[in-house]
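Below are two complexes that have chain A in common, paired first with chain B and then with chain C.
The block that comes next holds the complex of A and B.
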């Protein structure tokens, strides 16, 4: 081994150590970034015994990464559902509060019973009308909350879609960098890290699956199989609906022309924020609105006035008006939003609450208390009986039919809270899985500062040794040249 | 190759990540200790929340029935007092009828007592509790019995005068009354006179009360008749007896005719008194039912509250223990985080 070889070895060692130090510095810089992975300098020993840097790779674990992606999607989806249900829960409130339609119905029933015991008491009649107005306003407000929630979910979907489009563009830039760099054999680890970070953000919005091809080229599909990215970003499109009412149904999200959410989804996404929001917009709120509408329909039917003269006149709305002239016989979307107290009964606008006792809001043929007896209670008691009788409800409310109105309303509360409970449990477990998966990923691929520092100390020694070696070789040459001279 | 590896981030954040979870648990436990109920009742109960809402509604409903029963009880005792009043007057009248000899000497005082009793009867039947006339049946806004001196007296005078050819303006003081035979009087009392106290004459000249009594809901599944009215048989009989004695001019009758009137009056009052007692007994039963349903509803309220607290309540002692454990955990988490943050190889090199 000649002195020149020793010199070369020391020199390449210096270069390698410098590269390793640079990599370690990058690691130290990225230690606080959860998306940064640990960079590793791969070295090799050449034929002459010197160490050379081959390339720079990163610590990675594909299985763990994909698990983290899935957990991210699942958690974001459940979070969206839970938030939506939290909004719906505002229409119910605590069991002790009088916010829920069930509690308001109970108050109406009580007022009606009290009035039936003393039908000659106008104050009690007014109390019934006030309770009735409370029920109607409560149903109107609940409908508004539900429909606003649908509108909010719809605009959140629109936001998510535009973010996905934006992220896909960024993804394309990083993916191109990765592919080009891989083809040329340059360091692509930073681009890979960035690409992974972008993919995680996309996964928050919609569930994804990936396939990696030659030169680290990544293809991204939604978890339902629609292509989001292959060489170029595909367009995700969505047309938002500005205002929702009970009869409105929202639009679908399209990925590359394929419908992936909404009413007619060919390949519905399973997880992610968009899937969660779609569940809120198209399923939970719609069912809850159906329940409110059925409560409203029950009320209109209960207080409807029937013909007393056998002249064949139709049954017409009484205390509660459904926004149309007739009593609806089937589920009427949006009824809970328009139900109101008949002005003929409302003393604040010149009506007479005693019509509750006498009947006849729709004309003389509907008068029950023909003798105008002040304490006539038969009609009121009949109304109470009807209010507390079993009714048929539309299965679209997803509650059991053949119960009385109060039970149905309480069932609606049960339904909502059960949904919330299961969504909360699912969200908790999804976020636990996410935290576990991302922790595991970070443990494996993250950066340990202590280790980097120890490595730097080691590299420092190595650098010193190589430098010393160069010095020694130099001195040897000096001695040699001194002999020659 | 390292046998084990952990990144700095997951090393330091492990303890830190549990903090928000612990903090929200502490806040939950805090609420539970303060209220004695679950922090989020709906979330905890889930599908059974409807049951809880149902129980709350039921409790309010039963409570409002108990409140309404207070009014019913008031109405019933008012009616009972009035009936006792009516029965006392009737009994006093009956005693006078029994004790007065069948001569025209005592007739004048009896006549006066008849009129006073009639006024007392109409006044009592027109009793109002300030909101309704309690003897009016369901037609409670209208004064049930007309003033005797108006329509009823006019009808009586007309019938009396027509039957016996007396002075229509003042038949009671017509001297021809003395000529009425017992047989004629008996026939008059059984037909024309009796008809005035039957429908439809009773409805037109005497009473505007309804035959239909008030019915109240006294418990969740029980309805009861809580009033009587001025059209019942004993009331008509009393009015008939008082009118018979007070306004047929018995002071001027022959002894034998007077005997017919007094006999008839005794029979009618006797029947009326027992009728009033029957009514009182019937209403007494209702009072009893109201009282017992109040008792049972109070138990229902207590049972419902117990069920609600079984559903919604938390054991404060358990919550406090949980809170203490959580606080300890939280402190440990803080300490661990702080300790880990201080650990660095830099401090030792």
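The block that comes next holds the complex of A and C.
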């Protein structure tokens, strides 16, 4: 080991230490950034014994990162479902709240019973009509809320899709930087960090899986396998529906030409905000609307008037009108939105509430109380019995059939609450998994300031030692030069 | 006549030491010259005829040596065109007159006028043109086939895609798709899964290939793979494409989900070459559809954004899309006895009879060494030993001069015997 070599080695050590210190200061600067990973200076000993910086890498754990991505998607999806159900519940309330269709139905039942006990009391008749109007308005309002919620979910999907497209464009820029840098052997750690951060944001919107190719080139698929990014960003498209009614079904999200959301999706995404919003738009709200429609159909059928003269005239709507002339026999989408109180019964527009007792809103053939007896209660009692009788409901409402209308309405509220609770539990567990995974990832790849300080102290010592060595070599030369006079 | 002999001997001694001092001064002057190889002197005695009763002083002859084979330390710069050889090889360079020389001085830079890589002595680095997949035209013992490494005229041609790989797990419990499948390209065609890949045509346009996978039979598990050009896709819906499938292939899987037949698909990229996609990694297991491998070669034309040089001496141009293409191969020459090479100005050497003829080889092969990019080889002069040699030489020179002085003084005494 000659003096020149010693000099050279000490000099290379200074350079290396300076680079390591610069890396450490980058780490300290990035300590507040959750997406920044710990940068590591890779040094090597060269053939002549000196040290040299080969490249700068970053702490990474692919398995944990992928786990975090999955947890991010799952949590975002559950969050979207929970939010939608929360809004629905806020507006519909519970069975005891006066705002829910179930509570209003109960009020109608009470008023009808009271009136049946005193058929000659016009005030009680008016009270029944008022309660009926409340039920109709309540169902109308609930339908509007549900459909507005579907519209909101739809426009949120449109927002999410445009964000995914933006993010994919950004992803392409960072991916190109990573590939070019990796091929040229330059420091790509910052670009990798940025690319990871962008991918996490995409994962919030829709579940993703990735494949890494040569030179850190990343290919991104949805969790169902549709191509989102491969060399170039693929198009994610969605045509939003401005207004929803019960008969409207929303459009699908297309990734690279494949539908990935909606009932007829070829490769449906499993998680992420878009999947959650699609569940709200196409499944939960639709089921709830079916339940409302079935309640409305039950009401129309209960109060329908039948022909009393055996002349074969059809059964026609009575107190409640379904927006059409006939009484619907099957699930009619949107019925709850158009149900109204027949004006023939409504005293505020000149109708007669006594028609409840007598029948005949649809003409003379439908009059039950032909004698116009003031104390005639048989028709009212029959109506109460029908209202409280078990009915057959469409299975699309996902509630048990063969119950009476009040139980069905209460069941609808419990169904909603059960959905909300299970969504809340799922959301809690998804966010717990996310926080665990993020913590684990941050512990593995994140920046630990203590570690950095310790490393800096060590680097300082190393720098001092190298400088000392240079000083010693310099002195040796000086003594050599002193010999030559 | 030993007194005159003594004078001659001391003069030869002084000459020898001044030779040594010359090498020392050259070494010290070039201690910072990249690729400089230190010179040293060895002495041998030349004796005249002597007998037991008298001594006839002889003289000393100088033999100049060059420590060409001694590796210098590498100094890392970070410039990709700074090259060093770790091992025995030499770069082959050409001087302006066209003569091929050997050198270890690898601080190459792009010469603005010509675009060639030249070092500080103005010598041009030579290599073999291997752009577009040409194989190097090597003449083992000469400079034939060598061309100046020129980075100025490097235009990346678009490379059409020719090979690729696509592998995925196909879900084993996917439902069998009713006819027509994707390959039929009918409006009612249905499929199980779809992915897409970017390929390049002859002029470098991106062609996105839609790959449809449809399960056609459950036992034995059979899938149909159909590849379409996405440009032909209908405005709405998936089918029908305006032209038929570029290729279809039937994959069958055994009962363990391993691929039994149909491990590759070959298709003509529209406006491009025949692209063979390796699908041997396909599996059919009870898991979700998961793409595992997706790659296609080729690149779009794009300006050169950087040059990288590999350990094996291959010069790659990197375009702004990040694709690399090999454009030159830098050969390394070796000789039997490097220390006997004739040094010429500019830290270069010429092979001669004693050193043996230059043999052309490539880095990373036996006995040649490797090319280190981003570093130059420092001079192998050791300053401390040069300085100590200098001190010794100074003392020896002085001693010789004392001998000369004594000789002349004795001659004076002799002259003074006769007055």
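We take it that the second predicted complex is superposed on the first by the 481 of 485 C-alpha atoms of A that agree within 3 Å, B and C clash if a C-alpha of one lies under 4 Å from a C-alpha of the other, contacts with A are read in each partner's own complex, and residues count from 1 in each chain.
Note that a residue touches a chain if its C-beta (ideal position, glycine included) is under 8 Å from a C-beta of that chain, and two chains touch if they have at least 3 such contacts.
Predicted model, so just to flag it, every value in this text is computed and none were measured.
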item: Touched partner set for A:307, first chain B, second chain C, both or neither; value: neither
item: Which superposed partner A:381 touches (first chain B, second chain C, both, neither); value: first
item: Partner chain in contact with A:224 - chain B first, chain C second, else both or neither; value: second
item: Chain B versus chain C as contact partner of A:187, first or second or both or neither; value: neither
item: Most chain A residues touched (candidates chain B, chain C); value: B
item: Chain B versus chain C as contact partner of A:47, first or second or both or neither; value: second
item: Touching both chain C and chain B, counted on chain A across the two superposed complexes; value: none
item: Chain A - residues contacting chain C, complex; value: 2-5, 8, 12, 46-48, 50, 52, 176, 179-180, 182-185, 209, 211, 213-215, 217, 219, 221, 223-227, 230-232, 234, 256-258, 266-267, 476-477, 480-481, 483-484
item: Chain C residues within the chain A interface of the complex; value: 31, 71, 73-76, 80, 86, 168, 190-191, 193-198, 206, 208, 210, 230, 233, 238, 288-295, 305-306, 308, 316, 318, 320-324, 378, 381-385, 387-388, 390-391, 394
item: Interface residues, chain A side, partner chain B - complex; value: 31-32, 34, 38, 89, 92, 94-96, 100, 102-103, 105-107, 109-110, 113-114, 116-121, 371, 373-377, 381, 384, 406-407, 409-418, 420-422, 424, 435, 439, 442-451, 453-454, 457
item: Contacting residues of chain B [partner chain A, same complex]; value: 2, 5-11, 13-14, 17, 41-54, 56-57, 60-61, 64-65, 67-68, 71-72, 131-132, 136-142, 210, 212, 214-217, 223, 308, 312, 344-346, 349
